[in-house]
Structures are given as structure tokens and as C-alpha cells.
Amino acid sequence: MDGESLKNLLQKVKDGECSIDEAVQKLRHLPYEDLGFARVDHHRAIRCGFPEVIYCPGKTTPQIVEIFDRLARTGHNVLASRASQEVFDALMATAKYPALKYDAAARSITLIQKPLAPSSDMVAIVTAGTADLPVAMEAKVTAEIMGCRTELVCDVGVAGLHRLLNNLDPLRKAAVVIVVAGMEGALASVVGGLVDCPVIAVPTSVGYGASFEGLSALLTMLNSCASGVSVVNIDNGFGAGYCAAVIINKLNRRRA
Amino acid sequence: MDGESLKNLLQKVKDGECSIDEAVQKLRHLPYEDLGFARVDHHRAIRCGFPEVIYCPGKTTPQIVEIFDRLARTGHNVLASRASQEVFDALMATAKYPALKYDAAARSITLIQKPLAPSSDMVAIVTAGTADLPVAMEAKVTAEIMGCRTELVCDVGVAGLHRLLNNLDPLRKAAVVIVVAGMEGALASVVGGLVDCPVIAVPTSVGYGASFEGLSALLTMLNSCASGVSVVNIDNGFGAGYCAAVIINKLNRRRA
Amino acid sequence: MDGESLKNLLQKVKDGECSIDEAVQKLRHLPYEDLGFARVDHHRAIRCGFPEVIYCPGKTTPQIVEIFDRLARTGHNVLASRASQEVFDALMATAKYPALKYDAAARSITLIQKPLAPSSDMVAIVTAGTADLPVAMEAKVTAEIMGCRTELVCDVGVAGLHRLLNNLDPLRKAAVVIVVAGMEGALASVVGGLVDCPVIAVPTSVGYGASFEGLSALLTMLNSCASGVSVVNIDNGFGAGYCAAVIINKLNRRRA
Amino acid sequence: MDGESLKNLLQKVKDGECSIDEAVQKLRHLPYEDLGFARVDHHRAIRCGFPEVIYCPGKTTPQIVEIFDRLARTGHNVLASRASQEVFDALMATAKYPALKYDAAARSITLIQKPLAPSSDMVAIVTAGTADLPVAMEAKVTAEIMGCRTELVCDVGVAGLHRLLNNLDPLRKAAVVIVVAGMEGALASVVGGLVDCPVIAVPTSVGYGASFEGLSALLTMLNSCASGVSVVNIDNGFGAGYCAAVIINKLNRRRA
Amino acid sequence: MDGESLKNLLQKVKDGECSIDEAVQKLRHLPYEDLGFARVDHHRAIRCGFPEVIYCPGKTTPQIVEIFDRLARTGHNVLASRASQEVFDALMATAKYPALKYDAAARSITLIQKPLAPSSDMVAIVTAGTADLPVAMEAKVTAEIMGCRTELVCDVGVAGLHRLLNNLDPLRKAAVVIVVAGMEGALASVVGGLVDCPVIAVPTSVGYGASFEGLSALLTMLNSCASGVSVVNIDNGFGAGYCAAVIINKLNRRRA
Amino acid sequence: MDGESLKNLLQKVKDGECSIDEAVQKLRHLPYEDLGFARVDHHRAIRCGFPEVIYCPGKTTPQIVEIFDRLARTGHNVLASRASQEVFDALMATAKYPALKYDAAARSITLIQKPLAPSSDMVAIVTAGTADLPVAMEAKVTAEIMGCRTELVCDVGVAGLHRLLNNLDPLRKAAVVIVVAGMEGALASVVGGLVDCPVIAVPTSVGYGASFEGLSALLTMLNSCASGVSVVNIDNGFGAGYCAAVIINKLNRRRA
Amino acid sequence: MDGESLKNLLQKVKDGECSIDEAVQKLRHLPYEDLGFARVDHHRAIRCGFPEVIYCPGKTTPQIVEIFDRLARTGHNVLASRASQEVFDALMATAKYPALKYDAAARSITLIQKPLAPSSDMVAIVTAGTADLPVAMEAKVTAEIMGCRTELVCDVGVAGLHRLLNNLDPLRKAAVVIVVAGMEGALASVVGGLVDCPVIAVPTSVGYGASFEGLSALLTMLNSCASGVSVVNIDNGFGAGYCAAVIINKLNRRRA
Amino acid sequence: MDGESLKNLLQKVKDGECSIDEAVQKLRHLPYEDLGFARVDHHRAIRCGFPEVIYCPGKTTPQIVEIFDRLARTGHNVLASRASQEVFDALMATAKYPALKYDAAARSITLIQKPLAPSSDMVAIVTAGTADLPVAMEAKVTAEIMGCRTELVCDVGVAGLHRLLNNLDPLRKAAVVIVVAGMEGALASVVGGLVDCPVIAVPTSVGYGASFEGLSALLTMLNSCASGVSVVNIDNGFGAGYCAAVIINKLNRRRA
């Protein structure tokens, strides 16, 4: 609530257009719903530019179904990340959402209720290897439901540099590049040195032994000798897609 | 070298306007200077949007002076990060750069040769505590030399939440927010949940014991429950400032 | 055995009211039962204010059943933590404990044999997300069987700060606040800066990648910039509930 | 600002006793002072029960002197932790604080402006070895300036268990016990099993090799098999003293 | 593409023997096939001396089958590492590769299409214990398909030094020695001090507790007091076999 | 082979009593059997005082059966550690070893072929909790098959110190004490300060969260403030039992 | 106090030979001296077989001087470990101890007041390299002041195995072998496989990079494939010497 | 000593050409000199192809001087690594070695007594940045004194990929490539994918924050997606140079 609307509210109190109790309510209760086990944050779309996303692990299927329902009722598009097939089946069983889709690789459930008008700006999503694909798909699904156009460039890891060098076009056309890489994660630095747009690096847990479940790629990316690279959590395709969309949406809003 | 200019070059070869040896040279030698101990990458301004920055640690003072000189001769603005007073004195002693400046807190040397026309977009730089100031200053110097307007909001750590809540205006006006925090680094998540623009989080080594030289804040920021937060290396104010500037500059170029 | 009772015992020896062998026994054998594989510590209720609690992992079901039986026979209330359904079924099969209850989320078995008279002081248990609920429930069950009144505030993580700020009432009324949070665990610092009572922070293993099974939240909480926060082991809801109850019970006893 | 005072403020707005702009100010600006590099949180005494404490590392001496001055002017007692001799000398040089004291072992500066009325409840501070003394002294200074009576029991580490067993009296009389131990930190568990009050464990960096700067003692304390033990950061005597005082003060306020 | 062939290509352009568009293609497209989810790097045999190897984990069985097929069609020998029985069965089901073999211990699938002419130089593969055998077998299969003769010396760990000392002959005859050891991995240092050829050390995850899944052996090998020892990733028998073959093949080519 | 027997052998060569080839054999081949996948070290009984022990993990059941057979044929007692029920069944199926026994808790298979004459010196094995029992049993089985008398003292962890203090008799009578403890492992330090004999500490992986699979107890024990404590690997009951037996056997031999 | 002496004491109370207050004193006060900052444990010589040793780090020089004095007055031999030259000078300045000696390499101060009668059993101390010598010297000084004969074998690291194999005589004559090694620490396993007596392994911080200050050698030794090896803390020469002496002294006492 | 020479020796014993005592000596004493604190391993030149190298840290200057002298007397070339200026000055002060040289950047002392005949095979040493130069110089000095020709390619880190791509000639001509890189160490993977010779990767401690003193680069290199890369310890330029020389020398010997 910014200074201006606060003044307006107080003016209404002064003018008797709003009772004191109503004002207290307004000042106190920002919009969210309390389900007991969860508080659905309907306000987030206004505050952060996109509705709350359901992170599924650790929630029971009935909990997810109920949270999903509350979010869907608002008419916004809905995203549930790291969702199992079982959760998707439970949502389908409600027969409420004809448009419901499940991307099994990305483990993402989407419900598109408002048509998407993809941005002119494009997010390029680059993977080092085939095994990084599920994380890349999560980034793709996320960026798209948030209104971004995406382009996927697979399996261009640095061990075969020419594969990358021959696929620079989408990277150079992109407004944001997401680099998804496991093992030693060197691709982020190489891409970072080749483009002039923000690079969001996603380390993956692909690898074994001293990759320590993604720690190796994470450290690589944090220490990138290329500037302009920032990093999200291991396997956090969702976070990278979200960051990319926030960058594009924010800047677009400013210019709109 | 994109496809078009490659075609042009080959056309000139065909037409005899360019000798084969010249073409080989052009295809081989992208612009950089070999100083023996270093290769100054003059091409980076074109490729990545800003000239190479001199990272000083591990380089001898004479090496830095020579690299600085090569970069300065191009007429670009020059930035040397993590520079000691001794390096600055050595550069001053050359009497070549009247506009040379040293920000001791940020340990940054700047040479502004082309006037800066600060962007309309603003980068808000927020610190959790006073001890995080040097890292924030490094981010500020970096973003500014890359053409960004900045605003600094100090000492609004989450232990006194009202200090943050009363200073949300600059954060909400910003195109990018940089959050600089040590100890537990919780500020990044809190800010991430309050704004609708990209947040770049910089963990600092401020703290002791189980902060493990910044590891605690780093992990906090990587695991942020707020979406839209990406992270750079511990104490990497330069990287955060650079990322912020790349975001703003890229998007501005696209709309220009 | 304090100085006074020691004197009394020795006086009885001197007066012949107690034989030397009896005295040796008394001086030697504090009350516990030796089951071979375990020594049930009946003395703990006197020494520490609450009977021994059965930590189930690593014990076989028959071992747990036997220990439970010894504790139950004393007439005290009994708590078995981290208990599987199988253990509960085995205890039910004995048909000895009509009042036996199992909280599946908390994985806790309770036997209330002495009616609880909940304290006037209240323990507020706050979770960052829905997935932290099982750990919070373990804290709740523990604090309650030790005689404390509790209040649960769910899903008020810092990514949606207004959810927390609108639920400060129970936190401000509490004598002790338990904060249960995974991922980056920032909630502990934010709560610590808002209340004037002891805060016990429980990191949870909720998260993935660089949360390193709760290490991230643990370090966050240990480095809290808010004073008055102390920390227990990852996922140790039991420990937090116990600490809260000890604080309240100790202080109540002192004033009784 | 609780509901009641909010209603009052709104009533005054309605009644014209308070202008809208004044109300905006009051609703916006909780009491803190902005020094540019720091925001002194005068509100903390009300919110958390004790004024802001100055954590010195990373702050310049002039910054500390200025923050100290703002806090001292409020008439509260002031504590600066981890302060060097140099900071103390700079404060003495201002000749403003006749009552200023420096505990070199604890690296703590105190200014007692309001006489302390030590609590009837006592905090026992126990150290495993002589080398843990500085951390214990920091806890002692902190608890005392916050109004607690303390008792120090030194060098009772578990390698000579009789030294501990012969000094149980102060531990049993205490309302809170602080255990300060480095190396393997086993003392916390042993004490935790002997008392019925809250135990706050402080791991110290005393040790070498596989003590890993206090990590060993930290893990020991987090994994304590004794219930009722919570832990603060390595070498964080201040935090332990603060926690102990918050426990005692909170409970006392509730009964007052 | 080296300078000479570049000149030739340009000459052809000049002479009109090659169209500009063809030249652009040649300069741009190094040989690889794009399968969408993967880019098969046919160029690697020329660039690095051996065709791309299929690392199976994280790839679906159909993906592996398709990549395998593309590589097999080139007529080269094909190696798929860390392959499950299921993958082998799927490849057998295609009935395309009569020569297909599966080494279950090594989890390696091989297709020998060009007869191998084993090198005169021999690779000795030494294991500390029987449990290290699968990793050693992976090294063996890899070195052999790359044209090397191998000799396996099993179970000569340092706890029974005479077993090693009595088997020095193959080690001394070898051109390269691969040492495969888990637990404390001391064998690499001992062998390194006994031979005059390159030693490639492979730490394995054999062990428990403080072996930390191979970390112990890895650190041992990296810190070897014997010179001439280099190290590959934990359990990376493939990498060791590959390195050994590269050493032998490179040197052989140079002398051919 | 010591200097004396070497002289004798050479004398025999000189005297023609031993052919050169025989001498080469004798000098070369210390007694072990090569099974291809394993070299059974029959020499170890002479060199180290006890036959080779079979560490089962990573070996296939047929491999274990064959190694067991070779060791059993020598007439020595045989021990297989970390053996599964399946391995035991396979050995039983051979119907070769009527005296074969399996201790399921200790996961140890023993074959007593030579009657044991337990030492007068006793090894006391002390556990902190019931869950540490399997590791303690492994120590017990090992020490016993190596000829030592043992005494087991269970569940005397430091949280109930009187349980330990009332069971000091076996500890004080012991020649060696083995302390088995997980969680924070404090028992080793406490016992180390109470006895005058060597203490071998075994950290166990009992615990959760920040016990990090036994790391916490391991560090505790390595940093023990009590002197005279040495440590073996996490969960290494076998190693502790072996060490204890070596101490007793060595000293007994010296005095025999 | 064992059962027998307890009976005697109680008999005296019954018989009036000992007053109740005296008995309380005897039962309560085991012999130690309280210096305020330290409790000198005079009882340790009886309980553990050797007087308390002064660990110097973290203690001020005056504190050490005072503790030293109390221990020296008892007439026992005194050992101060990790002592600086400054501490030694301060002790010399008291002119009280003509027999005081300082071993600068071992950083150990010794005061021999009772003549040592070296044991017939010998402790062999073996180092991998010259840089391990200071730790070995600390072990040597410690074992000797506790009455053991020692023999030092230097620089026999496994990179030159013949150096070790040619020096096996002292190892085979020893009752206990201490192995001191940094870097990869492989020497412990090799020695462990060659001798039939207890091996105490001391990892040292000698090394760089991935030796991580001794962690590498520590893990190596904990994972030793040779049985009969136990481990003390990094650089803990004192602990190893102490353990060795305890083994020898305990067994000697039992046979005396 | 191989089988053949053993037979010869025994034949001589039989024929009386060699006394038994002489034979014992020969069989026992491989050539090394015992300096008390060190055993100079003169045998290493024969066994491993190059004389022992003096690793200076942890040795006193007089110790180094003496070891150097023993090695120099043999007439071999001598190398002392990680040597300080002080050590060099002490060696110069002996006035014994006119040819002594010190490379301050590499911290290496060399004494060339036998003229070097550089190999036809060349070792390319590539650094990512200028700060990696000292480690690269150590590799260069080492490889050269072992008879290898070297070529240094500096500052071709992946952030400016064209710098590397334009300098591939020396890499492709090399028999072995050494890659020296700190920060994220990505250069090793990129080079590994471009050459067909063995690549030895040296992580350096260049970097800050999450580079964790070289750990980041180390993990990157161990997880390299390019095959044919093996790794040595952090900052171990010596080890890399040694490995490269062993590869070249071994193969050359085999073909000689």
C-alpha cells in the first residue's frame, strides 16, 4: 500500500466514507486465504507480478488439490511445480479443469485460463547434455506460463565446442539466456563470455562422484570468470524460468 | 562475426578486394592484444556490452598498470576491481589519467573518459548492515560506470523489519534490486517477496563462526523461498552491479 | 542427592537406622531399570522435570514395547517420538493402554495417564510452509504432553511477509515462540526481530539442492542477526517443544 | 502498533485532531535514526525488550562512535560487543561517558546509565576449560547489562567429571544455564542431563585440527542426547547471554 | 580447421570452385547430427582421437537407442558407459548389432565393428580390493575398445604389501598404470613410488562412514606424496581407461 | 623374512641344499592364494597376529563363499564382517561348516575351528544408547574370535550420567574400553576421563539432521578433551574390536 | 571411590571415627584445586595414570605459570604442551625449576622431578616426511615423560617404499607404533599391514591445497584398510604419545 | 630388483663370488642416505626416472641445504620446489653451485649439472588468467628440468573464448597439455574437448568466496565432461609438470 492510497483511505475515514473498523480491516488484512495448513497468497500477483506457484514436495495430495482450487478460482493461470503423476491424476479426477496439462519431464502441471500473449523478447534455454533436459523443461514451462517466448538449445556442452559455436544465433537473439548444466557446469562461463544479455545459470545434479549432487556445477557457476552470470539453486529450473520472466516483464511494464 | 559479415568478407575474397592471407588474418584474429602475461580483450565491449574489467588480485602492480594503459588507450571508461591503494598510487604516478578516481571502501579504480548518461532505470542497492557497505559500494561503482543510476539503502536488516518496510519506495521504483547481506542473509528472501523486479543477491563474508566466511548467507540466498532471486559469489559486489547493468542495458538496447 | 539428604542418610547410618549395605545401595543405585539392552531412567522426571522420552529409530519394535511398558507402569504420561505406525500397532495389540494415541504427521505416540493442566503461558509454533507441518506437529505434541498450551500458525514464510505481519497476535501473546522453517530458514530472524520472548528455531530438511538436507536453514538460524534466537537440530521438533516446555515449567516452578 | 492504538489514531484523524499527513507520518515512521551508513533502531527496546546492541566488526571506529552516541543519548544502558581496545579508546577520548567500561577478555564495552537491579533469577555460566573464558565473559557481561544476576563456574570439562559433579549447586540453583565449551563440546550434554532448567550451549573455536574452528563442538551440541539444550553460533557468548536474559525477563514481565 | 585447409577453402572460393554459400556452410557446420534432444558429435573421432562415448545415466532408453544407432552407422566402434541391463536388452531387441556385448560388472556396452589391433604398449590396471573390480572393468573395457592391450592385477591393497611387491612385473612392463582403490586409496601413492610410467588414480566409493562415498580416497590420491600421479573422478573407470588410451595413442601417432 | 632366515636360505643355496630356482620362489612368493578376483592373504596370521578377515560389501556371494573356503581350509577361525543373511545361507548351503554361526545384529559370520581360550584381560564395550547395539555387537564378536574376554554395558549415555557412574566397575576392571556412541558421541570423553586404560572410540551413524551420518560423533571423539582416546571409522565395530584384541594379544605375547 | 572404601568410610561414620561433616567432605571433594580460572585436577594421576597435562593455547602466560606451579608442587613430573618460547621464558624467570626443559620443535615444556625408569616396551614413532618431525617430537616427549622408551624413524614415506622396508626392525620390536604423516597419510595403512602391534595414526597438517589442513590424511587413516589402526586428532602428537603410554603402562600394571 | 638379477646374485653366492653377508646387504639396502631427519632417496632416479625433488615447506633451511647438497653431489640435476628466497640465499652462500638459479614466480630452485637435451615432444602450458602464472611457471620449470620442451600460452580463459580459439596451434602441436586455471576452472573442459592428447588439469587457488581456496576449480576439473582430462592437487604446478614429463619420457624410453 503506497503513500497515495494510504492518504486516500485516511481521507475517506475523515470524510466518513469509510468506518474506522473498515479502515482497520483494510490496513490489516492484505488479501490471502487461510486454509489452516496453508495461506494462499492471492496478493502476490499484484505484488510480484505473478500468482503464487504451488511447490508440491512435502504437501499431501489433498492439500495440493485444495490450494490449486483456490488459485484456479481467481481465474489466473496456475502452475504447480515438482508435481507427481499422482497429483495430476487427482486434479484430473476433479473434472474441474479441462485445460489442465502435465509435462512429465518437467514435472509441472499448468492450467492456462487466460490466453498467453508471448513476449517479443525471447528466453533461450541451453543445456549442456541430454540429461539436463528435465530441468530445462521446468524452466521453459515456467517462463512460458509467465508470458515469455522461449527457445530450447540442447546438448551443446563444452566438450564439443563447435556444437555451441554453431548454435549461437538463438543465444544472440535472446533477451535472457538460461544455461542448464551438471557435471562441471562450464557451459555457463563460456556462454557468459559470448552474449551481451543476462545469463541465469542453473546447476543440475547430473553427474556422479565428486559432482556431489550438483555442488560442483554450483560452485563453478558462482565462480564464473564471465561477468553477467547469476545463479539459482541446484536443479531449480523453475527459479531460472521465473527470474527470466521477471526480467522481461518488469522491463516491458516500465516501457509500456 | 555473424553470417552476414562473413558473406561480405568472402565476397571480397572472391572479388579480389581482399587477399587470401588478409582474410585468414581477419578470420583468425579477433581483436585482443597479447602482452605476454595477459591478453587484453578489446573485443569484449562489442561482444558483451562493456570493456574487459581488470580483476586485480594475483596480478603484480606493473602488470595491472600495463593492462590499464592498453584499455585506457581505447578511449573507453575503465574499471579496476579489488584494487589496493598501492595500485592506485602507481597509476597516479604515471600522470596519464587526470580523471582517475579511487573508491577506497569499494576498492575500485575508475577512469571516466566518456561521459556517463545515467539510465532512467534505477538500480536499488540494499544492505542488511553497515559492515556490508564495502561490497555494496563495489556494486554501486560498477553499475554506475556501466551507465546505470543507483540508489543506496543501508542497514535495513530483517532484525528491525520496520526499517525495511519504511524504505520500500526506492525498492519499488527500481528496475533491479541488489541485496547485500552477510550473517544469515535473510534480507534477500524478504525483499524478493516484496518487489516485482529482478533481485540479485550478494552474500557477504560478514559474520563469524558458523557463517563460514559467507557460506551461510550464500546457501540462504540460493534456497530463497521467494522467486525471482538469483545469486552471485560471496562478496561479489562487482558481479551484482555488472548483472544489474547488463539487464538494464540489454533491454534498453532492444527498445532503442 | 544434595548435601542435606546425604547428611540425613549418614545420620541414619550413625544411628543404626540404616545398615551400611543399605546405605551403599542408596548411594550407588539411583533409580533406573536395567532391561539388558536399555536402562530406563525413571529418575529423569525428578532430575530434569519430565520422564524419559522414547526415541524410536534404531530400536526394534519389541524393545520399544518393553521400554514403553516400564515407563507406563510408573503412572507418568509417556511419549514415544519418531514412531512408525508399526510400533503404534504393536502397542495397541497389547491392549494395555486405552488412552494411547498416535499423531501420524508428528510420528508421535502419546499416553496421557495423568490429566494435563495446560499452562497459562502459551507456546506459539510458527511454520514457514505447509511442508514444515510434521516437524511443527512434533513440537506441538511434545510441548502439550509436558503441560503447555500451544497455538499453531502455519505457512507464514517471508516470501509473503503480510501473512506473517497479519498474524503477529499469537506471537506477541506467546511466552516462547518456536519457528519451524526449511529452505533458507529466514523466518527465524524475522520473527526474532519482532517479539520480546525467547525464540527457538527448528531448521527443517524441506528443500532440495543447496539446502543440503537442512544445512542451509541450520546455518541461517545459527547466524541470525536477531538476538534471542537459539537453535536445535534439523527436524528436531521434539527438542524445540521440550526446550519451550522446560523454559515455561522451570519458571513456573520458581514462582509457585 | 497494535490494533487499539491504530483505532485511536484513526479516531483522531476522523475527529480532525490529527492531520492526514501527520497520520501518514506516524503510520510510516517507527522510531529509528538514519545516520546514512546505519539506521539506529531505537524502537527495539520496546519491541524486543532491550536496546539495539552494537556489533563492532566491519564497522569503522568513527561509525561505532556515532552509533554509540545516538544510543547513549536515549539514556538507556549501552553495549558494544566484539569491540577492540582502539574503539574503547576512541569512546573514552570523547570524554562523554564517565561510566564507560571495557572488559578486555569479553571484548565488550558497557555504559551503565540506568542502575541495574539484578534479577532474583540467576544465570549460571559454565566453561569446559580456561580457554573458553573470553566467550563466557561476553555472555556474563551481556546477561548482566540486561538485568540478570550471573554466576561463573570455570574449567569443569568432562575429562575430570568430579570437578563438575562437585559444582552442581550453582547449576541447580540457576534459572538458565549457559554451557561454554570448545574441542568436543561434550559438557553441554552432560549438564543437560543433570539440570531441570533451559540450557543454552555455546560452542567455542577452542581446539585445533578436526575441531574445524568450532564446528566439532557445534555439531556435538546440536546433536545433544540430552533434551532441553538449544544452541547459538560458535563463540557467540553475546547471543547466549541475550537468550538467557530474554527468558528471564519475559517470564518476569508476565508475572509482574 | 587449421590454417592450411582454411587457405585452401578460401582459394576455392576465389577460384569459383566453391560458392560463397557453400563456404559459409563449411565454415559454420562442423559435423554433428541434431536429434533434438542430443547432438551426436561425429567430429570427435577426428578432434580427440575417439568417437563420442554415450554416458547413459539421465538419458531415457529410447534416447540411448537412437544415439547408439547414429554412432553405429558411422562404422566406428561404439561404447556406452554406465548402461543398465535394460538398455542392453533394448539394443539387442533392435537386432541390428550382432557383435553387441555387455559387461555387466563394468556396466558397459560395446560394439566392435572395426577389428581392434591392440597396441604393443600395455595398460596395467591394479585394484586394491575385490570390491573395486567393477570400476577396474570399466577402465579395462574402455582402454581396450580404444585399442590398448590391458593387464588386470586384482586385490593387492597395501594392507598386505607382499601381494603387491610380488606382482610388480606387469606394473613395470606397463606404459601406463591405472590404480583403482577405495577406502583410504593408499595404493596409488605406493604404486606411484615404484614405477617410472604415468599413474592414473581412480578413487572408488568402496567403503563406509568417513570414506564419504569416495571422498577419502579422492583426497588421498590428490595429495599423493608420489609424483607422477594424476587423478580422475570417483568411480570413473571410464575416464581412467580413456586417459590411458589417449596417452598411448597420442604418442604412437607421433612416432608413426 | 628377517635377516636370520635370509642368511639361512642363502647358506642353503651356497651349500646346494636349495636350488636357485627354489630360492627365487621362496624369496618371491610369500604365502597367499590368487583366486583371480582376490588374493587370500594366508600370511597375515603370522605378520599381524590374526588371519585375514572377509569384509563382505562389494563382493558377490560366490566370491565370498570361495574366499571363506580358502581361509577355512587353513584350520584357522574365520570371520566375515558386514555379512548379509543371504551370504550366511549360501555358506550353510555348502554344508561344510557345522560350527558356522551368524550374529544378525552384528552382521557377522564366525567359524570357530580352534577352541578359544579367552584372555584374562577383559574388553569392556560400552554403548550410549540401544541403537548403538549392532556396532557394539560387531566389536564384541571380533574381539572374542581373536581370543578376548568381553563385557557389554548398554545404554549408559551421558544424558543420564548416574547410569554410567553406577556401572563403572566393568570399565575399571577392563584392560581396554571400547566406547560406542552416535549423536554427539560425548560418552567417549566422559569415559576417557574416568579410566586408566586405553579407550577406543567408535562413532556411530545413529542420529539425524546435523549428525551428518556419524560425522558429529566422529569429530567429537577426535577432539576429545580426555587423553588416551583414539578413534576408528564411523560404525566400525570390527576395527575397534580388532584394535582392542591387538593391544591385549601383543602385550600378552611379549610377556609369555 | 570403589565400593570397599565406601564401606570403610561408612563404618568409620558408624563407629564415630569420622564425623558426618568429615564424611560429607570426603564424599564430595575429590582432590583438585580451584584457581578461579582453572581447576587443577590433582586426582587425575590416580584416576588415569598420569597427572593433568597443561594444554597451553588460549591460556594467558600468567595462568599457565600458576597452573604449572600447582602441578609442580605435587612433586610429579609436569608436561606443558603447545607451549610458546614466551611461556618457557616466563617459567624460567621464576627460577623455581632447575630441571625445566623446552623442546622447541615439539613446543613442549617438561619438568622431570621424579627420575624416569623407561619401560622395557618400546614405542616406535615413524614419520612420512621431514616436515612431520615436530608432531613426532611431541609424541616422543609425551611418551617419554610417561615412562616409555621410544625410537624415532624419520622420512620413510611410501613414495620410497624401500626406505620403510629397510627400517622394519624397530617397528617389529615395538610394543606400539605411532605413525605420523601428512599429505595423503598412506603410511599408516602400509605400516598397519606390516606389524602385529597396535598402530596409532596421527594425521598432520603438512601439505597444501586438497590436503585441507590435514583433513585428507585424517580421512585416509580413519579408512585404513589395515586393521589395528586407530586415529587421533590432526597434529595431535601429544595424544598419540599419551595413548601409547597408556597402553604400555596399563598392561604393565596388570602384570606387575 | 627383477627376477633375472636376483638369479644372478644367487648364482654368485652359489659360486662363492659374493659372500652371504654381501648378498644380504645387497638384498636389504637399496641406495639411500640417512641424514637422521631425512632419508635421501638416490634410488629414485632409477626407479621412477628422475631424482628425488626437495619439497621445501616444513623443512628448516639447514635441513634443505643439507639435502640439496647430498642430491647435488650425485651429479644429477636438482630441483627444490616451493622454495623461499631465504633458502635460495642460503644455498648461494655456500658458493658451491655456480649454476644455481631461482625462479621467484615459480618459487623453484634449479641446479642444472647435466646439460638438458629437450625432447622433441612439447608440453603446452595454458593459463586461464594472469594470476595463474606462478603455478604455470612451476609446471614449466619442472617439465624443463626433466628434459621437456615447453610452450606457455597465457590468459586464454573461457570468458573470451576467441583468445583460446586463436591460440590452438601450440595446443595441437603439444604431446601433453597442462591447463592451469582457478575460479571456476572451466578451461580444462574446453581444452579437453579440443585436443587429442592427454590433458593434465591444475586447479589453482585463484579466486575468492565460493572458490573455497581452489575447491571450486578442483571439482570442476574432476567432473570434466571432456574425456582425457586428469587432475592434480590445487596449485600443484610441480605435479603437473612432473606428470607431463613422465608421460613423454616413458614413451620415449620405450621407443628408444
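For clarity, chains are labelled A, B, C, D, E, F, G and H in written order, and residue numbers in each chain start from 1.
The rule we apply is simple: a residue touches a chain if its C-beta (ideal position, glycine included) is under 8 Å from a C-beta of that chain, and two chains touch if they have at least 3 such contacts.
Because the structure is a prediction, the values reported are computed rather than measured.
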* Structure fact -> Per the touch definition, the chains contacting both chain A and chain G are C, D, E, H
* **Same vs different contact residues, chain F with chain H, by half of numbers used** => same
* **Inter-chain centre distance, chain C versus chain E - centres from mean C-alpha coordinates, in Å** => 55
* CA centroid of chain A to CA centroid of chain D, Å -> 41
* Structure fact -> Residues in chain D with touches to at least two other chains are numbered 28, 129, 159-160, 193-194, 209-211, 215, 218, 222-223, 226-227, 233-234
* **Full enumeration of touching chain pairs** => A-B, A-C, A-D, A-E, A-H, B-C, B-D, B-E, B-H, C-D, C-F, C-G, D-F, D-G, E-F, E-G, E-H, F-G, F-H, G-H
* Give every residue of chain E touching chain H within the complex, in rising order. => 2-3, 47-50, 53, 121, 169, 172, 175, 193-198, 200, 218, 222-223, 227-234, 238-240, 242-243, 246-251, 254-255
* Structure fact -> Contacts from chain H onto chain G in the complex sit at residues 28-30, 32, 36-39, 41, 43-44, 52, 55, 57-59, 63, 203, 205, 213-215, 218, 233-236
* What part of chain H is in contact with chain B in the complex they form? -> 129-133, 154-156, 159-160, 162-163, 166, 182, 206, 208-211
* Any idea which chain A residues touch chain D in the complex? -> 3, 6-7, 10-11, 13-14, 16, 20, 23-24, 27-28
* Asked: Once bound in the complex, which stretches of chain E touch chain G?
  -> 128-129, 157-161, 183-186, 189-190, 192-194, 207, 209-212, 215-217, 219-227
